[in-house]
């Protein structure tokens, strides 16, 4: 059986990263998976070679316009569109058994609480789809049985995977301080002076601080547990294209908790997970270790003197944080091997 | 009157940055300040042009060996030595009125509590000198009347200036979560595989986590106040040579505190400080704005939903974080204008 | 006597770098030089603190609109405008003895040959002004006696200073192969996808190749000599904000020429030049050694086996390549010390 | 049939990149290819997880010592050793039909002329092996029938592939000016102050200039043709981990040659080559387009005014420039599909 997939927003960072992964997907090599329509907005009519010169095998492909017609008739459609554009496309593609499975890399369907959506996005809530983190409890099964999946935000992916086991094991009071240092590609491929190389190289700055970042809502949705949840989330922009390093701390529920106990809880929580790696004691996650791969590297420690649990995680924001998660979900939805086409080795140095 | 200054460890990053600043010091231009002996260990005998090619005006100067003899006879001596080497040199230079004023860029004399010293450095405590942050209460006067000053660590400089007003004004419970994202030059000019360009470019990683970083002791020394102090400090290495961006949060003492009130407290605390700039509301500190300068850029906000105060600060770790602080202290100790030779404009882009 | 200077295009990289240099100019410190109108186009009405946060001492200044009225009445006006906008402003400012001296950081008045102008810029030639490289033969005197100076392009500055002595001394046949590796700030502060940090970090690419770069015309104008001149010029974009490293080679006129002879010719040619440093044998120019400074670092060698002379030079494209050259020319035009306000030490590491 | 391969020098950049590629090799996935001994010198006894944290699937593997005993008994052995160490290992591994095929990523067996070897390396010539560029005339066949292959240097790979068709087609006089801008990983994983991140970030510098770089000998060996060959080769270090952008020019043999004619010659020369991509007219190679992949991107143009041919090429120095070439040769030597395990899409942005 052959599956065909289409990518809307193929010229953006999310869409083109899905493409990059599909080109090395074994089902593509074997002919089981075909790369169908590639669509975009302003880049429609241009060749892949011209706007995505790193995708040599597709250099002669021409980008089409993003319309329901061009996207229909595929088995799966990836949406890498600006926030607010997915609902209309999804509606036009329909929901019947012959309609394509949809993987939305945008935010439109991530939040289940309409009030939270309005608070952070300021528009009407379009609804919510299955949340695309297979590593959450029940996540894998929910995704496999869904036709529509909302791929999570890049920060909530690395942060949720870092923080959830501590809550589940009752290690902490759920009052998280989260600082995520991120590369620039999370801002997308939009021309903007503050994202110029001249501005970001050699520079470090926080942004969307004090609860204003929209991903705060996803953290709050994902990290609930016993006790009153609070999340202080601060993203910091750093001079690298890819990668998110998250530092999360919360007060220990029991000050006598040891690092060994915390490590045991994390090891048990993620036992068998193909893309979550709890590092050996003494090692810290590095974004360069996961760049290009779908891995999450984790470390967890107790800071005795401060009475806090410290969890750190590293992901590639464009892979596990976006396109890799999308492909992982696609694999589950199409009944392919969940890990197919998703590298576990990063590109270092 | 002419002052002469010597620099021990002139080939390292701290020492060479003192030199860079002195070359543009108006007292150097006017002949009031002379650059005397430049000394080093393994680089002794080599020319400045060979090992510090950016210091063109001194290209023909030859680096001498770091000995008390070479350093004696100056009005001020900067020590940019590996930790543990300052005490012996200081003892040999003596303490009489004719002995040079000493500015130690190393850690040896920063901590007043011998137990804390032993805890973090593992050796006998050498003692403590005047702590070189003029912006602390009484700091300016203490430095001006001292002959020996311990220049603070780079992280505690940016972090203390960020956190202190909140404690002083009683805005927070003193339970700080501090994440500082730093460039690589803080690690010094020592050959080491993890600090190779190939390793650090494109990479983000935390290190010396969970209370292990030695600067934790300085934070604890500086940030005491009402309530039981705790500091969770996590440094993160980012791919840039210079700059520290600190993100500090603590629980609000009164949940009704507003950003305006917090800003007012900070503005009052630092009124008239030449090197501390509380940014206009809505702007965030950027390390690139302060690179090459002695400035500290600050922002303070209330995160209502999380119930925490958020303070961010940016410094150049080699200027306000090390050599600029040292020159600022030297100015005070020699009776020069405190701000002389210390740029307030950063090098951007 | 007090001079007042205005900057048109103050929010761009050229204009803001002039500002940065003026803030540390001793004539500004002494009150002899006042910073007058700061003007811009789309940024008019915004504060310096908002758009140029690195210029802390001017944070509260408001940018005005770029109009002749706002620029008139100053002793000197710097133009940091897009190509094609200088002629009109200059005409409106007039040429009488009370009209301001003008330093144009744009290209409009650099080329003396109208045909060359049309070939590379495609518009009518506006004329030519004194070419602003004091280090050219007669350059210093010509600038000092001019009221209008065309500040050269960044590539031709580093390249001309590298190549000219070889021609003057008859060392080579004037058939130059020039490759200049440049940081991104030369492209200006314009939003454009190919200049995003995500695109330029980790990337190397040539552009405007095969004679298409407009600076080729300046090279051809500057490097004439005995024999038929040809210049193959290739700029390469590298992931750093500042700096140009130029590699220039040409066939030796006499294959027996030695490196020592070539060095002697260069040393003699630039004897006494405050901003040109011929490095000691065995050292190579580094852009980081000159970043933030007005220096040109040079090295010259004979490649015996290839029968070619190799000259390398490093400049900061925004300082000696633009704003530093402009301030150097301003100093000459206003009768100030030529070197005032122009650092000779670079910002490293 | 199952092949087993060993890697000597597995902890270095060349060796670990071979490992990274093998982990995604389809023969590894299918069990046809087994990763055998991983050996190193000072890192022997440490785990892969500790020293190569990006290779998650092998985290628990322990590095052995580099001895003939540990390397014997494999079908193929990759050598990623410092220059001068391969000959002894190769001799110990023997040459019989049961001896492993050897792929030397070092320089020891690249040069056929003993005098050239001694000129550039200063030691006795160990001999020469089949030169591992399948894209050279007859290269593919020679490699497939060899048991020992010398993987070329990174600069000569990108440069030879760029320059050879011009010589073969008689387009130029073979007097090449070659400037190659390179990332830092080519310098290897050795601790050295000039390669620290603090030194290389924000910096550009030429090195081993004027014919001193050892790869000059490979260029001279590869680029011979009609007329007297000369090569002026200048490497420039740029702040990125990976990638080489080569700019090569030579005088046109016939000044009437057009870009179209040159493009046609290149297209014909590389017709059917899976890893050489002549870009569409108007596009320039970018290293970021090939990072992580085995591709060579090429562009060729005539600079009419300068009378020179301009060829530019981009490679990943660790893939096509080292480990990818080695795996490509291994595929040929073991009778696998030449392209297996070698990505053709790069990792951008």
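Chains here go by letter, A, B, C and D, matching the order in which they are written, and residues are numbered from 1 within each.
By our rule, a contact is a pair of C-beta atoms (placed from the backbone, for glycine too) under 8 Å apart; a residue touches a chain by one contact, two chains touch by 3 or more.
Treat the numbers as computed from the prediction; the structure is a model and nothing was measured.
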Once the contact rule is applied, which chains count as partners of both subunit A and subunit B? C, D
Need the most distant chain from subunit A, centre defined as the mean of C-alpha atoms. C
Distance between chain centroids, defined by C-alpha means - subunit B, subunit D (Å): 45
Could you work out how far the Cα centre of subunit C sits from that of subunit D, in whole Å? 38
Multi-chain touching residues of subunit D, meaning two or more other chains, are 13, 183, 185, 189, 196, 198-199, 201-202, 239-242, 286, 288, 291, 348-349
In their shared complex, subunit A is touched by residues of subunit D numbered 13, 16, 20, 23-24, 26, 29, 47, 49-50, 52-57, 59, 185, 189, 201-202, 241-242, 277, 279-280, 283, 286, 288-293, 295, 297, 343-349
Contact footprint of subunit C on subunit D as seen in their complex: 175, 177, 179, 181, 183, 196, 198-199, 201-207, 209-211, 216, 230-232, 234, 236, 238-245, 247, 249, 259, 284-288, 291, 299, 301-308, 310, 312, 314, 348-349
Okay, in this complex, where on subunit B does subunit D touch? 13, 183-185, 187, 189-193, 195-202, 239-241
